[in-house]
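All remarks here apply to the structure that follows.
All chains are identified by letter, namely A, B, C and D, in their written order; residue positions are counted from 1 within each chain.
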Amino acid sequence: MEPVEKCGIFGIFGHLEASNLTYLGLYSLQHRGQESAGIVSSDGSILYSHRGMGLVSEVFTRNIIDRIPGDRAIGHVRYSTAGASHIKNAQPFVVEYARGSLAVAHNGNLTNASRIRDELEAYGSIFQSTMDTEVIIHLIAQSRERSLADRVVAALQQVQGAYSLLFLNEEELIAVRDPNGFRPLALGKLDDAYVVASETCAFDLIGATYLREVEPGEVLIINERGLESMRPFEKTTNSLCVFEFIYFARPDSVVFDRSVYSVRLELGRQLAREHPVEADVVVPIPDSGFPASIGYAMESGIPLELGLIRNHYVGRTFIEPEKSIRHFGVKIKLNPVKDVIKGKRVILVDDSIVRATTGRKIVKMIRNAGADEVHARISSPPITDPCFYGIDTPLRKELIAASHKVDEICTYLTTDSLGYLSEEGLRECVGEDHQTFCYACFTGDYPVPIPAYPEDTQMALFEKI
Amino acid sequence: MEPVEKCGIFGIFGHLEASNLTYLGLYSLQHRGQESAGIVSSDGSILYSHRGMGLVSEVFTRNIIDRIPGDRAIGHVRYSTAGASHIKNAQPFVVEYARGSLAVAHNGNLTNASRIRDELEAYGSIFQSTMDTEVIIHLIAQSRERSLADRVVAALQQVQGAYSLLFLNEEELIAVRDPNGFRPLALGKLDDAYVVASETCAFDLIGATYLREVEPGEVLIINERGLESMRPFEKTTNSLCVFEFIYFARPDSVVFDRSVYSVRLELGRQLAREHPVEADVVVPIPDSGFPASIGYAMESGIPLELGLIRNHYVGRTFIEPEKSIRHFGVKIKLNPVKDVIKGKRVILVDDSIVRATTGRKIVKMIRNAGADEVHARISSPPITDPCFYGIDTPLRKELIAASHKVDEICTYLTTDSLGYLSEEGLRECVGEDHQTFCYACFTGDYPVPIPAYPEDTQMALFEKI
Amino acid sequence: MEPVEKCGIFGIFGHLEASNLTYLGLYSLQHRGQESAGIVSSDGSILYSHRGMGLVSEVFTRNIIDRIPGDRAIGHVRYSTAGASHIKNAQPFVVEYARGSLAVAHNGNLTNASRIRDELEAYGSIFQSTMDTEVIIHLIAQSRERSLADRVVAALQQVQGAYSLLFLNEEELIAVRDPNGFRPLALGKLDDAYVVASETCAFDLIGATYLREVEPGEVLIINERGLESMRPFEKTTNSLCVFEFIYFARPDSVVFDRSVYSVRLELGRQLAREHPVEADVVVPIPDSGFPASIGYAMESGIPLELGLIRNHYVGRTFIEPEKSIRHFGVKIKLNPVKDVIKGKRVILVDDSIVRATTGRKIVKMIRNAGADEVHARISSPPITDPCFYGIDTPLRKELIAASHKVDEICTYLTTDSLGYLSEEGLRECVGEDHQTFCYACFTGDYPVPIPAYPEDTQMALFEKI
Amino acid sequence: MEPVEKCGIFGIFGHLEASNLTYLGLYSLQHRGQESAGIVSSDGSILYSHRGMGLVSEVFTRNIIDRIPGDRAIGHVRYSTAGASHIKNAQPFVVEYARGSLAVAHNGNLTNASRIRDELEAYGSIFQSTMDTEVIIHLIAQSRERSLADRVVAALQQVQGAYSLLFLNEEELIAVRDPNGFRPLALGKLDDAYVVASETCAFDLIGATYLREVEPGEVLIINERGLESMRPFEKTTNSLCVFEFIYFARPDSVVFDRSVYSVRLELGRQLAREHPVEADVVVPIPDSGFPASIGYAMESGIPLELGLIRNHYVGRTFIEPEKSIRHFGVKIKLNPVKDVIKGKRVILVDDSIVRATTGRKIVKMIRNAGADEVHARISSPPITDPCFYGIDTPLRKELIAASHKVDEICTYLTTDSLGYLSEEGLRECVGEDHQTFCYACFTGDYPVPIPAYPEDTQMALFEKI
């Protein structure tokens, strides 16, 4: 349904309206993080910075953009998680150190950050945030290398995990993608300026041309002499995050060199082939289930209808009545169209299931609207394992598929049938023959070692729901 | 005067969480007005009020709701027009007068308000706002009738135009729909409480049951003795606003006793019958063109695809770069999916065309994404005349169809073909045999006399665009 | 101690920076009201307005001042009382009526406003505020006279009580002082512009020259033709508010044509003559007791010392500890200097006593600091009766001198002696031979009839203190 | 006039309302810094913190205080200087390091902080602020000592300059005063809790008893076992800041074990003895010149009068008219009482002169009010040298007495005579026989080495004034 990833990043070098274009780039990447937003720019001699809690459109005003001058900038949007929601964890993170100023924007997750931090603190280092990103900064500050690029590489050779990174100092912008290439990072051009972004939809808005991906393990140094590429890390197999295709990226983006919308449509077609069912209508769960539902409808020949309408004005909080309304949390976002549902055999299509609690409420809502049958079709395999590479999936005890079989989940959802896309089907649709992906959330097969984490208990389905 | 256009109203009588439920009702009606929101409640002896500029979720907090106690309340959301955007024009409007306190919430537009106001002011009346609604209040205050209902009727017998109205004083809630029934108003029930709302989607969220429409010319008096209905006005022909079906109402609402989604789907089917074309893909303009595009695809057999993706995080203002990006205003909201568009013959479906300036930009965007052909299909007839009954259509000089023929509009849009739904087709889809509607915006045939308005000049198509 | 008056008003006609100068005038009059502030200006064709809750420096910004253009303006500061503290009661009050726009700023209190309002409402008038000022506006709107001045006079001939008033419409500024002249109003000139203000300290700040008082019963009409004076009201005896001299007005102002500081110094001298006592030190209660304490010290020959220091950073609210600190409310404002107090016979000087609760706490504080004796000296007679002419003194049950004799008050204050200035002494100091004043708060002798008010009970001294 | 010092600090250990009492302590110390305020508390296991820009009463609310629980807390108010005015420089400064959390509040100025910071950064340390205080934290984090007290001492043995410091970790509160004792620090008791504060006025408000000064070079460790005192630093001569007596401290405080008010009164008496003049009236410049003016009046026998009235409602910014009012900046704060000044020989008394620009304007104002003669008397010697120990006096080029003789200053001020207190007179009044003070701002004789600072040019008196 709506698992969420951590961040979106954007950078530009060589354009007089650098901070304004970064603002627009972040605007396009807003779906990758809504907790905080920030931009750091430079005019070649000073770094200028503004960060704030909230959406890009709330954090920045014309006045603020005008106070972030210069022809180069990096920006960041961050996802909100309860615990660490604090302005000090907003990015880009900026520090003053012996070599001047340095800003960093990070998408991903380091797997050995805690251990490195402990070591640094034991020798007197003082950390300002709880972000794993900060250990990279300390390692850079302590590096004896001369150039920023060399210090960055020296620091990154000590860390493990997932990182698409942008660094900005007074002179240059450095973009790095980890050797496994977990998270996407695209390179583009706007007139004479280079731009980098998590997704290509950021290029579309500002009218930039997509050139290519920043490749796994590549370090790009962009300065007044142009663009230079290094590959300082030991080569390893790619493990691109397949969940970008399933849910995270915007459908109008090109990610890992493929159209996200087209992959999703194909997942829906494959789903129809794997799990056909006699029914009257295909209903997408908006908006996440849209592309796959179109594929499912095409392949099955069953008509697609908008059986669920989304309220586009949902704010971040609601004032619930004390005598709570049944299924309130779902109702505030979705409402069924009775004419479409009543007396029909309905195929509900969505991209994934995490906890299944929302899904259960939607199925109830569809049944209350008079459906004769409800068949759930999910355009990804069961999520059985947490992600440690930058996606905010919950621990195992909150993943229904970690502890329950498909027929149990079907019972819980109260659906007449439930069909998940197979792992093989997924591999085929994303083009596993051309590329290698990370499927850890479906398989528990982690391509980079992960830290020990607390033993999970099984998800308790029917308590407190 | 400044007619209050495009509004949503909600009322409830007899529920302990009246203001909280009104807040949720307004939440569901947010699409009918985003400028301001307000609630007035009563505990039987005092009226409590809060109004503010902005969305319902911004105007109200838990603390504020707690300060609007009582078991009865009315609420209002108002659409934003530049000139009159001021808190003093937010509703519900509340006054103190000799008989106590009185609050009113109004959806619609009075056509003789200016004349009445001039007369009242000549005798020393002092107006607080520029809303036409306020003349009703003054007429009520000056009425010599005893009961509130009689004073309301006496006042309304002096006004003309479109009005769905809710009144609240310390003892009762009165709901009125004008004799022509221009604007919708639905009656529902939640436990022992009566609820009234512009659309039934407000009932769905709070779990209320839809009973029936408040009928044209009906006055409903709701108080502790129950519900009483009066029909004090002279009978006239119904003129229900057909634009509620075409664009305004939410697709999941029942309006004028029909499912809005189903009518829109039917409009799309009829459009396909009237204007078929050989093409590869049907692309809706999100979200307004969605239901009709599904109908068009069904009827034509041409597959529907999401060729345009909408950014759901668009704020109210953007900081545009000075060296402006081409078609920026459209790009911030919509982005094409190249894989869907490239090399294809595209049928673009939308519900209506007002100025055509946005449409022209969207067509350019589709062409830039590589479409071979672009065919525009519009699920309503050309809009040729302004609305004086509560819809915010602009004056004639801003309506492209007021001064240009279909082939000229097609040239302006740069489309390969353009097909509007016929008036006959529209009449058939909305069920003209059962009901009578107002088609004034397509025909200039106004069912209630309108005030003189400035002579319009023709819309200038290619200047300053 | 700190009785408080209702309002300060300021007006200017014929200066390009009218609203900015009005802002400064209100700044100088801030001591006359801290609840709300407002300015209405005109450029000759439109009225511009801004009002807000809070201090002048909080309500206005450069941007706001820039949006109140024109060469004429009136302004108002209002004192905060709990019940009616609401933006709708902020002034200047502005209305649209048949003759255009009209703004009014009022200092004073009408004694027959409730009766007139009841009559107006019975005929359908709708009031926007709970201010007595609004009845004047309704009377003006209903007047059949042609000129604004004539309508103002017709309206004022129906009201009774205290009023210094400023009216502004598109063409002229009208200043009126009631026939008794209760509240002050001064006329000045700045270059070619006329200025009017409650006190002359407002002229000093903007560099204007004080010309004369607006006289009791005078109506001044200021427009592009210059200044015109009318005396349309029946002549009556002056009843200037003597409390302006005792406490309200700023010591650097000239009020009723005399220096406030000099009158207060004289009150202190007279107090020393009437109530001498052997002591070591004269200590003023800052800042209200300062001028009188200097007079007392001069006349008595006993040295003045700063035995109580005032904290100038006291905000509007404090967060008190739950386990409340003794005499906290006084301590946050005042702190004794032990070196000055210890082992000394102290004469404490203040301007007046209302409830005596604060005074009692100050005396305790002085005793705790080691004073051998404490003698209270008050530079006005006992306040025995409430004011109905624009000063916010409480009802009788809260006035300690309404129900207690001087020796009882002395016991309550725990002072060794207590001396009030005599009424004769007061009359002599303020120059009763030249002018006649209102002494109603000391005598109960009201020069204009007052409305009936609830029977007061006696102030309960030792309960709940 | 109004030179300003940097900070006020307050700490408490062992009281259930620790943060509320700290808030009140800061309230009392508000005159020592108005830029920012902060409190850090602990319940024995976690540190809680809140800091903000603005006055104590603006930064803290009841809700915020409730979120800073525990029985121990430290607080800080900071003075505003343009360059470094940023929340990151607000104190108490809190860090996480290997040993847990640590908060520090600092009053004073380190003279070798820049050199130490450069060294630390060269080895990779990352600083968060531009405050000299932060070097102490880094030295503590890198110390190999075991106890907090030992790490604090180890760190402080590397720094030089002025510091009164409060440290708080989860277990203890440590208070330190530098070996020279530049800045004051007092120890008190409230029930079982120990309190420390820059001035005793903070004790008075919360009802605490003053015990003694924290002595120069003393380290106080306060924890659940009680109070422990250490003297780990090499002994040196005291250099107490004499300017605390002249201007900084509140007159109701006891500082360096003497009553500030009494010292100031004595300075005024001595000034009268050194610089007698025939005159009619002694006028204090409020409020800084008050105590000395009383002393001057007593000794000279010339009567004191309030010839200048201060506006107590002056906000932080004013909206000046474009056609600027003469001497506006002074007028907004002070207004003369003409009756007191006119035709008189006036002695103006103030505590000190920094730039003399404000003084010149006040003298003009007094002359415009009609004074026959104006004689300035200053209750301190000429300020010739900047302070490097925590007082924000400007550089030499802005100190008029650094480059001009007394008669030149008199000419600039346009006074008939000017008398400064002699250094000998000052030494006598403050009790030089009992204590040794720092007089560096009057003599340039710095008791602790200061860093090199840019060569100043002479103050340009008549340009741009």
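The rule we apply is simple: a residue touches a chain if its C-beta (ideal position, glycine included) is under 8 Å from a C-beta of that chain, and two chains touch if they have at least 3 such contacts.
This structure is a prediction, so every number in the text was calculated from the model and none was measured.
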| item | value |
| --- | --- |
| Chain whose average C-alpha position is farthest from chain B's own | D |
| Distance between chain centroids, defined by C-alpha means - chain B, chain C (Å) | 52 |
| Interchain centroid distance [CA atoms averaged], chain A/chain C, Å | 63 |
| Whole-Å gap separating chain A and chain B, where each centre is the average of the chain's CA atoms | 36 |
| Shared interface positions of chain D, touching two or more other chains | none |
| Arrangement of touching chains [line / ring / star / complete / other] | ring |
| Chain B contact footprint on chain C (complex, rising order) | 95-98, 121-128, 137-138, 141-143 |
| Contact set on chain D toward chain C in their complex | 16-17, 20-21, 23-24, 27-28, 30-31, 34, 55-58, 60-62, 65, 201, 204-207, 250-252, 259, 261-262, 265, 287, 290-291, 294, 298, 303-306, 309, 311-323, 325-326, 331-332, 335-340 |
